[in-house]
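Below are two complexes that have chain A in common, paired first with chain B and then with chain C.
After this line comes the complex of A and B, so read on.
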C-alpha cells in the first residue's frame, strides 16, 4: 500500500504514455482528397480525376461531387466512376458565368464528406451572382468513425503533436520547478535546493534540445515545402518561435557555463540562482510573449489564443492532453532520479 | 600537361560523386514524403528515444561513480 501511495504518479505516467503511443499510431487519418487533375478547368465539359487518401472507395459506394462556393452548391458533378480505392473520376459542365475564380469540390459518400484542393478556372469569366443548384446529397451515418484530421501539408505528421509539443510543455514545467527552487535557495541558503535547481536545468535542456531537433525535422517536411511562401527551404525556418526557443536554449546553456566557471560552492549557488531567475523571465518573454505579438508559423500565435478550435479537434484533444500530462510526469520522474543521485553524491563528498 | 589531366580527372570524379551523393540524399528525403509523410513521425519518435537513452547513459555513469566511491 505504501509503494502505491508513493509511486502512483509514475505508473500514471507510463499508462498515459502507452495510451498516447497506441492512439497516435493506431487511429487512421480521416479520408481526404489529395489532388485533383487537371487543376484548372476549361469552359464546357471537364473530366476531373480525384486522388484520395484513406478513402477506400468501392463500386458499391454512392458518391456525389459538387462544386461549392461559400457553402452554396453551384454545379453538380455527373458520371462519377470509381477507378480504384483511392481514385474517382467525375464530369463537370462549366458555364461562362461563375461567382469566383477559385472553386472547391465537395465530395459526399454515405461514409464521409470532404473538400478537394482548389480548382482554378483557366479562362476569363463573367463574375455573376450565385445561382445555386440542387444536387443529391447524403445524410452522414450516425456513427462517426474515430479518426485524426488530415490537414493540408501536415498529413500523417499531425501525429507529431503528441511528441514534439509535449517536449516544450515538459521543459516549461521542469524549468518552472528550477525557478521555484532557485527562489527557495535564495530564501534559505540551503544548498539542497540549489542542487535541485541545477538538475532541473539539465533535464530542461535535454527536453529543449529534443524539442528543437524534432521541430526541425517536422518543419523540414511540412513548412519548407512551399519555398515561395517562406524564406527558408531547409531545416530551419525563420520563425519567431523557433528563434526564441533557440535563444532560450542558449541562455540555459550559459547557466551551465556560469556554474562551472565559479569555484566556491556558496558563491556558485548564489550567482547561478540569481541568473536562473533572469533566465526564466527571459524564457517566458522569448517563447510565450514575443511569438504572440508578431506573426508566427506556429498555431495560436500572432494574436490568436493558443489551442483555438481550428488547431485541435475533439479527437486530437482526447489524446493531446493525456500525452502532455504523461510526458510531464515522465520529466518529473527523470528529475526526481537525478535529485536523489545528487543527494547521495553530496553525502559521499561530505564523508 | 600531365598535371592538367590529373586535375581534370579529380574534378570529374568529384562531380560524379557529388551528383551521386545528391541523388542518394534526394532518395532518402523522398521516403519521407511517401505514404502521407508517416516516416517523419517515425524519425521524431526515434530522436526522442535517443534522447531518453542519452539520459540513461549519463545516469548510469553517475551511479558507477557513486558505487566506486562507496566501496573505498
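After this line comes the complex of A and C, so read on.
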C-alpha cells in the first residue's frame, strides 16, 4: 500500500505515455480534400477534379458537393462522379453574380463531411449580396468517427503535436524546478539542493534538444512550402519561438560550462545558483515579451504568447493534455532518479 | 549612510580609472579601429537597418570588452578590504552606475565615429532624441547585465571568454528590443509609436538591477 502511495504517479506517467503513443500512431487521419483543380473558377460551367486523402470513395457512396461561403451554401455541384478511391469530379455552374470572395467546397457523403481547400473565383461581374441555395443533403454522416484532424499543410505530421509541444512544457517545468532549487540552495547552503538544480538543468537540456529536433523535422516538412512568407525554408526558420528555444539552450549550455570551469564545490554551487536565477528570470522575460512585439509562424501567435489559442479540436485535446501530463511526469521521474544517483555518487566520493 | 558609501565608491572607481589611463584609451582605440575596419569593408550602407544592426553589434563588443575588467582588476587582498568596509549591495550599485556612465560615454563616442566613417543615405529622417533614448535604455541594460555577469565570470579563470558565453544569450532580448527601437527612431518614428519599447526596456532594466541587487551579496560573500 505504501509503495502504491509513493509510486502511483510513475505508473500514471507510463499509462499516459502508452495511451499517447497508441493514439497518435494508430488512429487514422480524417478523410479530407487536399487539392482541387482548377483552383480558380470561371463563369459558366466548371468541371472540378477533387483529390482527397483517406477518403475511400466508392461508387456506392452518396456524395454531395456544394460551394460555400462562410457556412452558407451558394451553388450545388452536379454530376458527381467517382474516378477512383481518392478522386471525384463535379460540375459547377457559376452565375455572373457571386460575391468575389475566397470560397470553399463542402463535401458530404454518408460517411463523413469535409472542406476542400480554398477555391478562388477568378472574377465576378456583379458584386451581389449572398443568396443561399438549398442543395439536396440527405443521408448525412451522423456518427462522428474517431480520427485525427486532417489539416492542410500539416497532413500526417499533426501527430507530432503530441511529442514536440510537450517537450517544451516539460523543459519549462524541469527548469522551473531547477530555479526553485537554486533559490533553496542560496537560502540554506545545503549542497543537496545544488545537486538537484544541476541534474534538473541536464534533464531540461535533454528535453530542449528533443524539442528542437522534433520541431526542426516538423518545420522542414510543413513550413518549407511557405516560401512566399519566409526567405529561409528548411530545418531552421527565423521565428521568435525558435529563437527563444535556441537562447534557452545556449543559456543552459553556458551554465554547464560555468560549472565545469569552477573547482571548489561550494563556490561552484554558489556562483552557478546565482547565474541560474539571473538567467532564468531574464529568459522568462524574453519568452513573455518578445512574442508580443513580433509575429510568429506558430499557432496562437501574433500578439499573444499564451497557451490556449492553439486551434485544437476535441479529439486532439483528448490526447494532447494527457500527453503533456505524461511527459512532465516522465521528466520529474527522470529527475528523481538522477537525484538519487548523484546522492550516491556524492556519498561514495566522500568515503 | 548608503548614499555616502555609494558616492565614495563611485569616486574611488573614477580615481582608479584616472590612474590607469591606458585602459580607457585602449577601449577607445578598440572602438575606433573596429569602426575603421567596418568602414573599409562597407564604406557606405544603403539599408538603414543594416547600419543600425552593425552599430549595435559594435557597441555590444566594445561594452563587453570595457566591462569585462570591472571585477578582474581587483586582486583578492583589495576585495577583502572592500568587503570589510562596505555593503555588497552598495558595491554592485556603484559598479553598475559607474559602468553605465562609462558605457554612455563610449556609446556616444562610437556614434560620432561611426557616423563619420560609415555613411548611410537613409538617415535624414532620423528622430535624434528618440534614437538617443533608445541608445540610453539599451546601453543601460547592456552595462548592468554585463556588470552582474562579469562578477560571476570573475570567479573563473577564463574571464572574458566565459563572460561572452554567459552574457550574450541573456542579452539577446534587450539587444533585439534596442535594435527595433532605434530602427523605429531612424525611420522617423515618434514617441507614441515607441511606447511599448520604452516600457519593455525600462522593465527589463529595472528587473536586471533588482536581480543584481538581490543576488550579488551571495557572490561577494565568497
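The rule we apply is simple: the second predicted complex is superposed on the first by the 331 of 351 C-alpha atoms of A that agree within 3 Å, B and C clash if a C-alpha of one lies under 4 Å from a C-alpha of the other, contacts with A are read in each partner's own complex, and residues count from 1 in each chain.
Keep this in mind: a contact is a pair of C-beta atoms (placed from the backbone, for glycine too) under 8 Å apart; a residue touches a chain by one contact, two chains touch by 3 or more.
None of the values given here were measured: they were computed from a predicted structure.
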Self-check item: Simultaneous placement of chain C and chain B on chain A, clash or fit
Solution: fit
Self-check item: Superposition-derived angle with apex at the Cα centre of chain A and sides reaching chain B and chain C, degrees in steps of 10
Solution: 80
Practice problem: Check the residue A:19 against both partner chains and state whether it touches chain B (first), chain C (second), both, or neither. | Solution: neither
Quiz item: In the superposed arrangement, which partner chain does A:282 touch: chain B (first), chain C (second), both, or neither?
Solution: second
Quiz item: Which partner does A:180 reach: the first (chain B), the second (chain C), both, or neither?
Solution: neither
Quiz item: Regarding the shared-chain residue A:69, is it in contact with chain B (first), chain C (second), both, or neither?
Solution: neither
Quiz item: Who does A:210 touch here: chain B (first), chain C (second), both, or neither?
Solution: first
Quiz prompt | First, second, both or neither for A:333, with chain B first and chain C second | solution = neither
Exercise. Mind working out whether A:164 is in touch with chain B, chain C, both or neither, as first, second, both or neither?
Key: first
Quiz item: After the superposition, what is the least C-alpha distance between chain B and chain C in whole angstrom?
Solution: 24
Exercise. Quick one: which bits of chain A touch chain C in the complex? Just the residue numbers, please.
Key: 186, 243, 247, 250-251, 254, 257-258, 261-262, 267, 270-271, 273-275, 277-279, 281-283, 285-286, 289-290, 292-293
Quiz item: In the complex formed with chain B, which residues of chain A make contact?
Solution: 24, 29, 53, 150, 154-157, 159-160, 163-164, 167, 203, 206-207, 209-210, 213-214, 217-218, 221-222, 334, 337-338, 341, 344-345, 348
Exercise. Please give the residue numbers of chain C that touch chain A in the complex, ascending.
Key: 145, 148-149, 152, 155-158, 162, 165-166, 168-170, 172-173, 176-177, 180, 196-197, 200, 203-204, 207-208, 211-212, 215, 218-219, 221-222
Quiz item: Which residues of chain B touch chain A in their complex?
Solution: 32-33, 35-38, 40-41, 43-45, 47-48, 51, 54-55, 59, 62-63, 65-66, 69-70
